[in-house]
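There are structures below to look over.
One chain, chain A, appears in both complexes that follow, with chain B as partner in the first and chain C in the second.
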Partner chain A sequence: MSRAFVYGDSVRQDLRKEGVWSELFTREPLLFVVFCLIGLIFLLALIGPFLVTQDPNATALGYKNRGPSLTHLFGTDYLGRDLFSRTIYGLRTSLFIAVSTILLTFFVGTAVGCFSAYCGGRIDEVLARIIDLFLAFPAIILALALVTLLGPGLLNMILILVIVQWASFARLMRGQVLSEKFQEYILSSKAAGLPGWWIIARHLVPNTIMPVVVLATIDIGHTILTISTLGFLGLGIPPTIPEWGSMINAGLSYMRIAPLNVIVPGIAITIVTLLFNVAGEGLRDLSNSEQDQGMVL
Partner chain B sequence: MHRYIIKRVGYLVFTIFIVSVFTFIVVNAIPGEPAEILTKHLFVGLEEAAPPEMVTELSQRYDLDKSLLEQYFNWIRGAIGGDLGYSILFNRPVTHLLKNALPPTLILAAAAAFLSVVIGLPLGIYSALRKGRLSDWIVRMITIFSISMPVFWIAVILILVFSVGLGITPVAGYGGCEYLILPALSLAIHSSASLARIMRTSLIDTMNKPFITFAKAKGLPDKRIIIHHALRNSLLPVITMIGMTFGSLLAGAVVIETIFSWPGLGNLLMKAIAARDVVLIESTIVVIITLFLLVNFVVDLLYHVIDPRITYE
Partner chain C sequence: MIILISGYVLFAGCTSNNPQASGKEKTLIVGEMWKVSEINPGGGHSGGTFITEKAIVTETLVGADSNFGLVPNLATSWKQINDTVWEISIRKGVKFHNGKELTADSVKFSLDSVAKNSPTTAKLMDYKMSEVVDPYTVRIHTNSLNPLIPAVLHYPDTAIIHPDSYDAGGNFIKPVGTGPMMLESFNEQTGEVVVVKNSNWWGGVPNIDRMIIRSYENPETRAMLIEKGDVDFTVDPPYSEVNRIDALPGIHVEKYNTPRVYKLDVNMKHSPLDDKNVRKAISHAIDRDGIVEHVLYGVGSQAGGVFLPTMRWANTSLQPYSYDPGLAKQYLEKSGWRDTDGDGYVDKDGRRLKLKVLTYIERPGLPPMLESICANLKSIGIDTEPVVMENSALSPLLNNDEWDLYLAAYNLAMVPDPEYVLNSWYTTNGPNNRAGYSNPVVDRMIEEGHYINDLNERYDHFRRIEGIIYDDLPTINIAYYGVAIVMKDNIKGYKFDPTAHDYRIDPFMTIT
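After this line comes the complex of A and B, so read on.
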């Protein structure tokens, strides 16, 4: 029997009053720290332009491939551009694309998966086949084909990444709903004559969404990796926008004299991806152990 | 079982067909005349304007002026007979190019898969058996760190350390073992980490099952329990993962082959995309995806071998 049915909404509200955050802090201090760091990263992306003293696109040909100094914390690249400010602006690019992609993917994937499983029958069969087809493409190959088709650009990039990723969300959500939709509380709400959208929104989604949230958190990391891979291949992001992958690619020819240009953006990618990976896995462990105890987050 | 295999093969062929249609549409919908870009790429240079008479000649000679439907059917008809068309960029049959590019990619993917299994599985087993201890925590930190690094960056750092810094390995190229080690390692660091994580989770899961408790109660030695009872039963998700890893190695090869100038399918694809050699792009993508699907198909069939309880209906 479902947790929502056992506890009802009142328990959930009680938990909300106690505060999920203080609960998280006492039970999983490490995870709490990771969430704080993620918050810090978003803050850094937001206030980034006020932090950097140099224009990320200002070239200074007299200062090519310099080492770190007080004016250029990480040194400069092959056009004399400040590596520190380019790294900060790269964070903005990556986070903006990754977060908008995941938000869109989350909604599209969840909606399709939920709709497909809830309807069942012919509709479900066709949608499941379509989902399988999208999963047949290795992500990077599909992204490559689409990026050549649509051309570079931030919005194109988001669109491409949504097309590449929505299917795995839809498959997960579909499986979740399929395993839940014949539970007694769903059948009884149907018998009580509640409309379909109400059952989906109030009962199905709250009880099946947690694994999808975990996937979304981990997928932010994956998306950042994919963005940087496409950028490294010289595709996807227009050259005027600082992006970590294309920065590494540009630094490749000069890595003997200015190794920081390939090292720093890579470390930045790793740190951000790592934080989202740890957060996602922590959330998964948390939701698993709570399922065992019959608690609702 | 036989009916299942036939059904799966049918579905496989259908998927490849859809993939080919999709790839054809996407590649041909790319803005810009392929004939014009090819002319620039081959004869006059990218900045110059392509002379119209050269463009028309090129498109006539290679059927680029035919309708898309006609082009598609010519391509598919040829493909069934083992002829994928002609690469204008390399001035060679596509089949010939793919035949040459396939072995390097397979060698690279196989070497990387081998390394991943050899590093990943023992690491995962070790971590699972030491669950909750410091060594487990260290392994988990290392592996989650490894899956957070982009594969191409691992490659760049390996080049920086081993080729530029220490001068042990060649920077790029194709040849003996010394050329293989860095590309294979850069792919394997990422995938061995994800294998280790799956192995750990799966083994811990199995160790909590009642039949393990029973084996312990029977007084069987730990070694025997782990090797004969726990490992075999925890392999199923691991095998799935190995299959997926091999697939992602094929795809990851695109980046790695470009960095190391490894003459495989990925390298070919990137060159074809740069020159807009339409037939070559389509064929390479379809071949890569077919390989990917085939590997996963074989993995699916392996389930039954590993776990005879699984039957296909």
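After this line comes the complex of A and C, so read on.
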């Protein structure tokens, strides 16, 4: 009991600790920079509309496929639209979908995984098989099928991605809870007559959530990539909403006369995905070392 | 054993290299744009276009000149005997690829089989039966009066093939036609078709000895192949690359109009699209000139009336609607659509004017054209919800009436006559009247036109109908479809057939 409480509280206290950022900076300067950059990206997405001077959908056919200039930092696309504002709006699209998806997935996955593992028995058996079923399906094929079924659109896109991804969160959470639920402190909580929801919310979730948080961070990168893939395949987001994948898809025909159509959104996808992946990996290493310390304690 | 094998390889190498070594055989490698899956013109799966126009293995009874006027081909003349009977005289001395002569019997056989296999063709012809009068005369009986018969006989699916094309069990083997090239092989897996010269062709001696047709559905692939020299002749590279490719040494691009129109179907069942002012506003908001120049890169031209101006029956007085956002806004205001809340979009009775605009991805000009049109509409305050998907994925939306505007490229000369398109698109019960357009005057005039046999009078009559429809705007015509033909510079004298569906191979072009 004491070990788990110490570990759980230490993590929470660590996160709340005022000096967490300075500690991160001294221990993992690279990770610190990555987090700063991610913060910058979110800031960019938030203040994007005030930053760009041009309507991302306003065409100027006579100015198509131009190179970078002062008025068009990244040049113009095949319909004369400003690539800089389209990239910024594309960032908003990607981040909005990815973050909403991850929040929903996180909630659904954690809830299902936790419930399943805590209940055990028949319920766990059935839920675990459902999770397996979703995991057995290749994600992109399932997504393609769902897009065809539900049709394109922002909200549909989020729904589709949640359906595709919740199972991996649920499995991870279920595994975590399974390994934790027979710990003494849980058993004694049960013996003390505490209600199930209290045990889950107060003891199980805080002590098992960290790996899922890591997964969520890494998955933001994956989700952005999946959105772009679907956009590239011409599915998902309607064409008037700037989105990087569909920008690349539409730009392909112009690649050899105006490569910026493809290069700009391509680099954007690479940078953002890379940042989230590095952040996720870093967070995992960090939580592993925290856990090790917890073990030692 | 090894000696045997190496000897065989050596021998095989010799035989295949021989014709090239002698420098005599002129082979043309064609990069086709669609997957080739059907080579039976009358099989009911639109195999006619490929085998008649691109492989030039089969021929139709009736031909067409560059203004879509009907001219003799395998038939030398045709006349209407009475309301339901047409008499066709067949060209003498035409030999099929199996050496047998073209007679009324084989014409009857071909027409019977296409009518049986292809409901579309049977319906177009209103086909009842064919009757052999003598070896060179056949009579076509229709169920009711059908002035379209000669025009339908230009439709590639009605191309004439010999009964030997089928085996005893009635299974199709290969097309035995009368055309300038003979089928040598068709690989069903790869879709590769090889045809060789028919030296006994009635029309002359073709200049191409051998033609290999391979399909590459991706425009970028076709562009790269002709650049690398892997194909000699292909069509429709990405439009944006037409100028770049044309400037390359050793290849050149020729641009033509084809009988196809980019048009917006307007869902007149949906308010406020039933309001002519709103339709006029949309039409005046579209920058057709910009679209042709910057989206289609000059492959195509602005559209006024529905028919290409080069078509004999076209109403050439119909000019493209002017690009005039100011006028467009006036039309919207006339119907009470104003931006009252200052959000940049017009509204009326608290409702914003928002339209769901659909198009498909298969034709490369459509998606960017749709984006351009949506931007045009936004500039006059109309909000849009664009949907761009594969053609097949659009059908549920179209069938369930979940659309307002539908951007598509439609063929105008399945049969070279104005009645077919006008009847099918614009009569109240027309099979392709997607707009839900219903104008009693147009219905009556098209019905009347059906009974006019004199061509000049007939065309004049249909010109008037085209004018009414132009003003009513159930479809908003954007541009006439263009095709860019890319060929090596050593191919000379290519003559384009403007009536062809995409392009027609010219057997008389020379390869130097």
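As a convention for this text, the second predicted complex is superposed on the first by the 277 of 297 C-alpha atoms of A that agree within 3 Å, B and C clash if a C-alpha of one lies under 4 Å from a C-alpha of the other, contacts with A are read in each partner's own complex, and residues count from 1 in each chain.
The rule is simple: a contact is a pair of C-beta atoms (placed from the backbone, for glycine too) under 8 Å apart; a residue touches a chain by one contact, two chains touch by 3 or more.
In this text the structure is predicted, and so the values were computed from the model without any measurement.
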item: Which of chain B and chain C A:152 touches, first, second, both or neither; value: second
item: Touched partner set for A:252, first chain B, second chain C, both or neither; value: both
item: Touching partner for A:204 - first (chain B), second (chain C), both, neither; value: neither
item: Which of chain B and chain C A:91 touches, first, second, both or neither; value: neither
item: Which partner, chain B or chain C, touches more chain A residues; value: B
item: Partner chain(s) touched by A:263 [first = chain B, second = chain C, both, neither]; value: first
item: On chain A, the residue positions that both chain B and chain C contact, one per complex; value: 148, 151, 252, 255-256
item: Chain C - residues contacting chain A, complex; value: 219-220, 238-241, 244, 287, 290-291, 293-295, 361, 364, 367-368, 370-372, 374-376, 378, 384-390, 393, 397
item: Footprint of chain B on chain A - complex, ascending; value: 132-133, 136-141, 144-146, 148-149, 151, 221, 225, 228-229, 232-233, 245, 248, 252, 255-256, 259, 262-263, 266, 269-271, 273-274, 277-278, 281
item: Of all residues in chain A, those that touch chain C in their complex; value: 57-59, 61-62, 64-65, 78-80, 148, 151-152, 234-235, 238-240, 250, 252-258
item: In the complex, chain B residues that touch chain A; value: 15, 18-19, 23, 26-27, 29-31, 144-145, 147-153, 156-157, 159-160, 164, 247-248, 250-252, 254-255, 258, 269-270, 273, 285, 288-289, 292-293
